[in-house]
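One structure is given below, represented as structure tokens, and several questions about it will come after.
The letters A, B and C name the chains in turn, as written, and every chain counts its residues from 1.
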Amino acid sequence: MLSPAEWTALVASLVVGARAVVIGLPLAVATAWLLARAQFRGRALLDALVHAPLVLPPVVVGYVLLLTFGVQGPVGRWLDSVFGARLVFTSAGASLAAGVMAFPIMVRAVRLSIEAIDPGLELAARSLGAGRLDRFFSITLPLAMPGVIAAAIVGFAACLGEFGAVITFAANVPGETQTLPLAIYSALQTPGGEAAALRLALLSLSIALAALLLADWLGRRARRWTARP
Amino acid sequence: MIDFDAGIARGDFRVDAAFAATAGTTTALFGASGAGKSTLLGLLAGALRPDRGRIAIDGELVADAASGLHRPLEQRRIAWVFQDGRLFPHLSVARNLDYGLARRPRGTPVRFARERVLEVLGLAPLLERWPHSLSGGERQRVAIGRALLAQPRLLLLDEPLASLDAPRRLEILGFLERARREFPLPMVYVTHSLAEVLRIADRMVLLERGRVVGAGAPATLTGRVDTPLLAGRADAGALLLARVQAHDADGSATRLDLGGLTLMTPRLDAAPGSEVRAYVLASEVMIATEAPRGLSVRNVLPATVLKLADRPDRTVLIELSCAGQQLLAAVSRGAVAELGLRAGSEVFALVKTVAIDAPAGGRMMLEA
Amino acid sequence: MRGPLRPLVALMLLGLAWPMTRAAATASGPLVYAAASLTDVLQQVGADYQRETGKAVKFSFGSTATLARQIESGARAELFVAADQEWMNHLAGRALVRRASRRDLVGNRLVLVAPVASTLQLEVAAGMPLRAALGQSGRLSLADPASVPAGKYAKAALTALGAWREVESRIVASDNVRMALLFVARGEAPLGIVYLTDAQAEPRVRVVAEFPPGSHPPIVYPAALTTNAGAEAAAFLEYLSGTAARRRFDAAGFVPAPMPQP
């Protein structure tokens, strides 16, 4: 049903998205908690930075990543000299690009669910002797779980669909960074590639729908588990 | 046990109070809504930082505005029962109960054992339930149990019965009394319900607009015409401490010993010799200058007029001394003039109804 | 309408009309779609043209494939300059360009480039050790050989030299040659294949070697007026074919268009 190249693109998409979410989600949760509950100077700045990828053109984000994480950029140079790790042209780089674009979406989803938690519960937990980290893991995180799950699914879906940042930072390398959107784009670039493009587009759509249904089901289960009325 | 002298200001709202409480006592913070009771509680607990003053608990200074000392809430070992219970919705009742227990500081002895707490509060059948399926009364019981199991050195209760209906309130108050007897723990109880105070408090602190306007034992503060917050109430009255003497042969009445005088009440479910608190509404006390005859009222107590105070509703509140305790009577102005009542007058106090609060959970006299 | 509202509405209408008046003032030139590798040189030619005629030429640069598809979908381009014959043929076959106006504008050379700091030396010849030159993890940066002219030429050249099969798996293909150039310029790829003109325009790369013209189909840039073209476009096309433009092309490294193959 799928040609080997199309299959490769599918696997690449899933790998890139999964890696981006696995690494990005804990960061998103921590960031969301900071923005929702902590008071510190520079909070507004953090908020703006987090949301920057939402308002910038994806290609610009990809280019900024290139300047920063490319082998001549400050972070990229350090990664290369210390770990011998390069991100451009690699699946990890694609995860970085897709993950950065999906990050604000994940942060928003988690933040909303943290803010929905009754702060009185945290006060009660404090009165029973729970410190900050303890409260986060025993009260905040479990109650925010539906939002965290939603963030993971929506973040994954956003990664699957990300194009501009990935192609600019990680380029279009089949088997490594050629995710479904990039494969569709390549197919469209080739004369007569419309049929392949359509097949890939339908595949992407199916995955997106499956992800949304999964998110819904998991969300319902999580709500039952947190025993919300 | 508590040495509180602190204040805080938030915009227009100011609270500045000083009070003390000894170990093992229940102190009621009494006042109307907005008087600053919850704010005081927040300062005690450590949820708020005082702008001025010091707070010491059990001899330990936990807050000092001058030096900036502020022991965080989670380290003060003060458990807090909230008006809305605040059970953790994602944990079962059992795990809610154990939350504080599991977090007690290393080396803290378990003075309030799990089995005892479950028994006293009747929590055993609720253990596997979830908070959202509990009734209001059940929730508060679990909240109290959870607070006790945290092995606190001080228990704060912020209007714990306010969101319950009357029968539930009675029930939970009974549990609280049992808990108080079983577990010697100082408590600070915030309420605007005089009934709750009378039943449970050893001491009262009266709060009005953020300031302490009176403090003392309920028996001392009630029964006076000049106590702020209390004397002006429709349910102004006197708290009497009495002892059950005997039950009437026909089983319809009980005699109480009131410092030598006898007080008759409808049959009480209390053993002879047990102590009871009796609240007598001023509006239920009539004055006679001569010993009446042929009256249905069975309590005719000789008393001396101490003070008189005019009330806005054209009645006069009369403070009487009776068997060494205080009694209040509300009498019309005309009657006072006619009878020529003044300080020092020897009269008879006719007590029509007495509301008794017996250890086993008797009638609650007043709606909040 | 109400008092305070009137001046506001007038201001809004004036604001809307303003750009239109400005546009009329600098009489607008034609809309030209051109291959990415012509970006710098055509912008210079366009500036020259505006100085001479007062008409501002509007350019849209991009990958030949993308531009061709856009024209196919109805984009209002008046002049199309492609980076290979195939895409021009594609449009011609669909009667989207005026056959009579079609001409070969300029040619180009294909070069192997490296980041400017690289000291790599490599000769372009049959059996060249290209794979080894890339090193263990290095990639060869090209434009997409499946669809972009620069990539197709590169693949043809490498195939002719017998080096394609060994480097095929090490290729990173960009959707336009400028992207391919950027990756080499930023040091992400140790080697890349781009047009000579691109290498000359980018100070952060150096030319390692030039591919012999015989190793690939001649690189030629056909230009043609689309069916939308107005008189302005035709005038500009003539200018492009003239000596002033020729000087610009030469300076940038373009070569005269090769003679059409028999």
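In this section, a residue touches a chain if its C-beta (ideal position, glycine included) is under 8 Å from a C-beta of that chain, and two chains touch if they have at least 3 such contacts.
What you see is a predicted model, and the numbers here were worked out from it, not measured in a lab.
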| item | value |
| --- | --- |
| Taking each chain's C-alpha mean as its centre, the one farthest from chain C | B |
| Chain whose averaged C-alpha position falls nearest the assembly-wide average | A |
| Mean-CA-position distance for chain B and chain A (Å) | 56 |
| Whole-Å gap between the CA centroids of chain A and chain C | 35 |
| Computed distance of Cα centres, chain C from chain B, in Å | 88 |
| Of all residues in chain A, those that touch chain C in their complex | 66, 70-72, 86, 88-89, 167-168, 171-173, 185-186, 188-191 |
| Parts of chain C lying in touch with chain A, wherever the complex brings them together | 63, 65-66, 69, 86, 90, 137, 139, 144, 146-148, 172-175, 179, 183, 186-189 |
| Complex contact set, residues of chain B against chain A | 45, 47, 72-75, 77-80, 82, 84, 86, 88-90, 99-100, 103-105, 130-132, 146-147, 150, 156 |
| Residue numbers on chain A that touch chain B, as the complex places them | 118, 120-121, 123-131, 134, 138-139, 142-143, 225-229 |
